[in-house]
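Chain naming follows the written order as A, B, C and D, and within any one chain the residues start at number 1.
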Amino acid sequence: MAVTEVSPGGTKAIGYARRRQTLISGWLLLFLSVFVAVVFAVPVTGDASFRLAYPGDAFVIPNLVVPAAPYAYVVSALLAFFGIRQFLPGAARWSGLLLGIGLFLVVTAFLTWATADKSFSLTGMLQATIVRAVPIALGGLAGVLCERVAVVNIAIEGMLLAGAFTGAVVGSTLGGAGGLVAAVLVGGLFGLLLAALVVTYRVDQIIAGVAINLLVLGLTSYVSSQVLTHYRELNNAPVFRSINIPFLSDLPLIGPVLFQQNIFVYGALIMVAVATYYLFHTRSGLRARAVGEHPEAADTLGIDVYRLRYLNVTLGGMVAGFGGAWFTLGSVGRFDDNMTNGRGFIGLAAMIFGRWHPVGALMAALVFGFADSLQQKLAILRTPIPAEFLAMAPYIATIVLVAGLIGRARPPAADGKPYIKD
Amino acid sequence: EFKACQITDTGGVDDKGFNQTAWKGIQDAEKELGVVGKLLESKAETDYVPNINSFISEKCDIIITVGFLLGDATKTAAEANPGTKFSIVDFAYDPVVPNILGQVYATDEAAFLAGYLAAGVSKTGIVGTFGGINIPPVTIFMDGFVHGVNYYNKQKGTSVQVLGWDVEKREGLFTNNFSSLDDGRAFAKNLNEEGADIVMPVAGPVGQGSAALASEMGTDRLKIIGVDVDQYLTDPEHKGVFLTSVLKRMDSTVVEAIRQVKEGTFQGGVIVGTLASGGVGIAPYHDLESEVSDELKGELDAIAAGIKDGSINVKGM
Amino acid sequence: MSEENGRAALSAELMKRAAPGRTDFEDLVIVPVLAVITAIVLGGLVMLATGVSVGAIGTAFVALFTGSVGSISAISETLTAAAPLTLAGLGIALGFRAGLFNIGAEGQVLIGGMAAVIVGFSFESLPIYIHLPMALLAGAAAGAFWASIAGWLRAATGAHEVITTIMLNLISFRLVDYLLRSPFVQKPGRADPISKNVTESAQLPQLLSWLDPNMRVHAGIVIVVLAVILVYWLLFRTTIGFEFRASGLNPDAARFAGMKSGVIIVVVMGVAGALAGLAGANQVLGVLGRASPGFSGGLGFDAIAVALLGRSHPFGVLLAGLLFGALQAGGRQMQVSAGVSLDLIAIIQALIIIFIAAPILMRAVFSFAFQKQARR
Amino acid sequence: MDIELRGITKRFGDLVANSGVNLSIKAGEVLGLLGENGAGKSTMMNILSGLYRPDEGEILIDGKPVSFRGPGDAIRAGIGMVHQHFMLVPVFTVAENVVLGVEPTRMLDYLDLRKAREQVREINEEYGLEVDPDELIENLPVGIQQRVEIIKVLFRSASVLIFDEPTAVLTPQEVTEFFKIVRSLRDAGKAIVFITHKLHEIHGIADRISVLRAGKIVGEGLPGKTSDQDLAEMMVGRPVTFEVEKKTFEPGEVLLDIRNLTVLRDDDSVAVDNVTFSVRSGEIVGIAGVQGNGQTALVEALTGLRRVTTGSVTFQGKDITGASVRDRHRMGFAHVPEDRQRAGMITDFTIAENMALNTYYDEPYSHGIVMDWKAVADNSAKYATAFDVRATSIFEAAGHLSGGNQQKMIVARELSRDTKLMIAAQPTRGLDVGSIEYIHKRIVAARDEGDGVLIVSSELDEILALSDRILVMFKGRVVAEFGAGARPANKNDIGLAMAGALA
């Protein structure tokens, strides 16, 4: 009567989900290949010249001159190769990487197309990329610090704004360094407020974040129109100038891009490095991550979950405060209503895009920064594409990447959940 | 008491630009004519109508709206409230609305001079401009500037180039806001990287960001042309970077509008500020005087005279 | 037989509604009232701290009151401001109920408003009873479409809706800028981004203009009332709403009960977007008469606060929308009469949200108003 | 090290979890702690390990009173606890989990993982535990995870070890292994507390037994001396029957026929590997297996929750391989999911709403899209009564119910419509004896009425008590069959099969 014999087994794993994703990226790459050929190669003649040096640089290096059409054909061919590769066995492993490289190539092909017969300063664009990425990267880093201990921080936007405001006002009275310190402290204060609300008073994390954003926006705008309008001298802070790192800053291309920047750029890079070390190589980092993944486990081992949440969220607030100061002390020294203009939310996106890793967040921020600076260059180059669509491109690309590559990226397991003890 | 009430556009009253200048006009009127000034700032475009309505119920003797963007809202309100007197800065109606006095400016006349000056002073042979939004009161500066440069090229056989505005296609560089100083800085940097050593930002307070950049880089590498007011005076921290400013004397037209109501001579129509009437002009060169050769100064005087008497056409024809 | 009777009695016992406890009353009534009062008091302190004289603060609070409910025209302003906030807030609340955090209302408002404007100016001589509904529907449909992109991405690829809706917001700003400049939409004779005017037959009629032409309250409030009732009905009286709520509270259990989470996500986002789109249509057809860049004025973000404050319940959202509308209208009057910046209102709003969301804090501070051992 | 608990009382709101408990724990001895679910065993041990603070009473270590402000204090005092639900961070490695809280560091707070690994290896060798320090916890079977928990405790040089229901998730062979470890720890002079509600285990390992009921110590006993009957009566407070009564086995037609079924997990690894079997009406088929061997995926596939990769599922002769969850409901499937709180119910919904979860879409509970809440309420009141769900009102939030009543509510819901096939996964996990008895009765009743029943359980006793036929799953495959025509069921053989000895 027994229906079952011992079952034979022996099925091979067929990765449907991943396979589907590879196929989709395959088709996407093939489409891009055709697109690049038809749009960026066929109708184009002439060379694109990218200026690498400023007049008066120590080393004068010649312009990078790329023949536009041939370059586009090469890119198209590479894309076609990558695309076909996705349909061959063993594609899954390289799928994400190839798609990433492919998209990068498309951007370069686009650039040469737009610059054909013209020229622009590549160095300037890359320098601007870094500068514009700074507040986003710091916002993202603040998010990483908070979410690693499972506190969702929607309030990054508000913390940036608070940092910007404090930087301007205190900077105007105590000087740039004082302003920066104050911005960091005030950012930390708002981090502390968020921690108190969500940890001690168990306010829903999203609600607390939204409320803090509104509060900071209201407070800064109110004080700005009620007070700063009448006391202009309170809104006129000195600005941190670029510091040229000796020798390194004279290197061609890399010099101006990486080593002729202000302390916010250096600060952001250092903070990303320090945060990576802290989170992944120290005792405190291990504990922090444990709190984000499994707070009960941490608690049973004598780790104070609440204290670590307070600590990291406050740290996150300080990082955001520093990033906020960039808007005033790192730029023009003057605060303006809502001047962060959604950069905190983009930082949040960068954090997710960067998979809750400081370096990932920085990379994602660079993508946004690049898109931002690219757009300005393109406006000068006068491409036939409406400016609005160029401006949309990075956001569309983000959606594509988030949907295609990191759709189900895994946040810390306890992310967003309150830990209620006893 | 006589109430003169101003509504700003979204730039706010401390824009160191035209809202502020118009407000200065009201403050001048307070001193000169003994009126009481009132102010409402608009945070968003949806505020325009309710702000106007608030002032209507406050029974203001004249409501002065500032900016092109309030054009529609002002007209609607004026038509619904024929008993209230309005004046709008930077806008005029055709046909005329009987209870609105428009205040417009032939800014291109002054910008033409600034363009000629910039072309004469530039060492790289490239100058630049960018705007806040692509609207006529902004682009009229850029038009005049480009035509001024072109006029210089024609006169001198040079080929000074203007980045940031294409007169024919009506496209160019715009920050799409009148508030972000950081944009002002970034846009000027961008133009400078492409070779421009003189930049004219036409975006209200945004220009202060450009000025900050110029004072950081030094006027050898970047000079700024201010707009609306003499920014040498209103932006003292960075005053050294202003080659000149393209003046638009809204304060004087605002006082004039208030005076008309006060004296009972108010009627709908338009006041136009021109180079000839002194409603527009260019500011002194202040600290950068030495950069401008006497020869160039002389040419500029001649051109100004030519514009006033109509022998030079600033529209590039 | 008697066992049967016993059962019936037990079952009848079970049917009796659990009486809402005093804690519920405290949470639903006392906490919000105290929160509003505390926030307003703190607002006064902020004014004091920024050098506003005590007399001016008094004037400001009187103005806040008279400007919001002190006269018919004040009420008209309150309702005008409350209408779009409530509509968009309903959409966000619906999302919350279904476990989705839709930051994209701002973009959906813009896209919905654009569609309504386009339909609104595209027809010259349609009767109002055809043209107006058409324009409203277009707004709702466009908002629904825009939002369901995020829903679809979430359902099909798992892309988090927080990111996609933020991105869709940013995209919609540009898209609207582009549309406003395209020859079909742009107002003839203008170079700046501004649309043609909506024809009369597509405008939401003003309700009190016979009293005073400046009374802006318009037929949009009827739509708001209908929407509140409809959303309430949908959420609590239909199988669809049951599925929304179930998958919001516990998506796994919903899936185990045979609900199709993907479809639900797309539908929820669609309905939420339709409501936000209606909010946009309400603005362009009832208040502005045309579209220009950023005509949403951040209402999609304020609506998040409205939804949170209203505890994602349709009636709560209506009350919260009215409160925020009143604060906006009153705040404007405050600016006129006392010269206090409108931004003070944002501070008060934020404080109200914080206090309402932190009953533990309120209980700790105002322990006298609550029963002692209330346990949360 | 000797420990004494004196007069410990702990309240959660109105609920008294422990009341005046006195207990002593001695070095070199295993104390067996017996008690039903909810008796307060875990609470008491959480107090001892510093996680909770007692409302009254004191703890004495070697005669001296101590007070713990947190688990850290208890750990420093030498008390280590292996929790009922493992306290391991799944995305950390074994070494990281072991050192968490007492990490070896170098300069700049640098985490010395190399040292951590070595320390883990040392403990491995000392106690004969074989665990790779570099493996991620999420990749380890539960048996090994438990060893990690033990290493964690030993690493903190605990002299008192508390094991909270350590055997619930283990195969009989793993239990034997585990007991070996426990004995060697005892012989090394450690004091050990061993919590369980399985009587037969306690005799094999304990030196002394204490029984807890309703928060109080109700009796003591000595292994081998005190009989199971007596212990059970102490636990429950009344005589207990260990047998499940059921009619003789009379299977009918084949209801559910599964052929060459292969199912993948989310990460595309194979969960169910080419499995073939069938369920007849009037038959209870029990699937035994250690967690992680594919039972969850099998149930998900059969209930329409997980895509079938290859193979077919036929129900009453109809191919239902691709049928939706709802279609299956309508055909007469009843499904009691293994994770009651996560998948079986919505804690914030009322009982009435929860009871409508699998009926709301049909008449009379809704007409078109309009819900008929009256009909829903009537029905749920009726079944809540019939299934003895103890609640004050059906409009109470289901989350307020105790675990047993939650499970009864789910069973009531699933059997409240005309069913033909019942699939129940871990139907009594974490329930007390009374609730278990009741739910078993209901399952048998469904079978006696002619339903087919498929039971998945990691409790071998449950499988043995209920099943007419037993299949054992190992690594996704059915590796053995017992009862009804195959070889007779025998606990030891099944245990061997579960451990893969027959694979």
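Here, a residue touches a chain if its C-beta (ideal position, glycine included) is under 8 Å from a C-beta of that chain, and two chains touch if they have at least 3 such contacts.
The structure displayed is predicted, hence computed values, not measured ones.
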Would you say A-C or C-D is joined by more C-beta pairs in contact? A-C
Chain centre separation (chain A, chain D; CA means) in Å: 44
Chain A to chain C: how many Å between their CA centres? 30
From the C-alpha centre of chain B to that of chain C, how far is it in Å? 39
Residues touching two or more other chains, restricted to chain A: which are they? 225, 337
Of all the residues in chain D, which ones touch at least 2 other chains? none
Two or more other chains are touched by the chain B residues 41, 43
Which two-chain combinations touch? A-B, A-C, A-D, B-C, C-D
Of chain C, residues touching chain D in the complex: 7, 10-12, 14-18, 237-242, 245-246, 249-250, 252-258, 260, 375
The chain B residues in contact with chain C across the complex are 38, 40-41, 43-47, 49-51, 53-58, 68-69, 72, 76-77, 80-81, 133-136, 139, 170, 176
Applying the document's contact rule, which stretches of chain C touch chain B when the two form their complex? 73, 77, 80, 177, 191-193, 213-214, 216, 283, 287-290, 292-295, 297-299, 329, 332-333, 335-336, 341-343
Contacts from chain A onto chain B in the complex sit at residues 54, 120-121, 123-125, 128, 131-132, 225, 228-229, 232, 236, 239, 241, 327, 331-334, 336-337, 339, 341, 373, 376-377, 379-380, 382, 387
Of chain C, residues touching chain A in the complex: 46, 50-52, 101, 103, 153, 156-160, 162-164, 166-171, 174-175, 177-178, 181, 304-305, 308, 340-341, 343-351, 353-354, 357-358, 360-361, 376
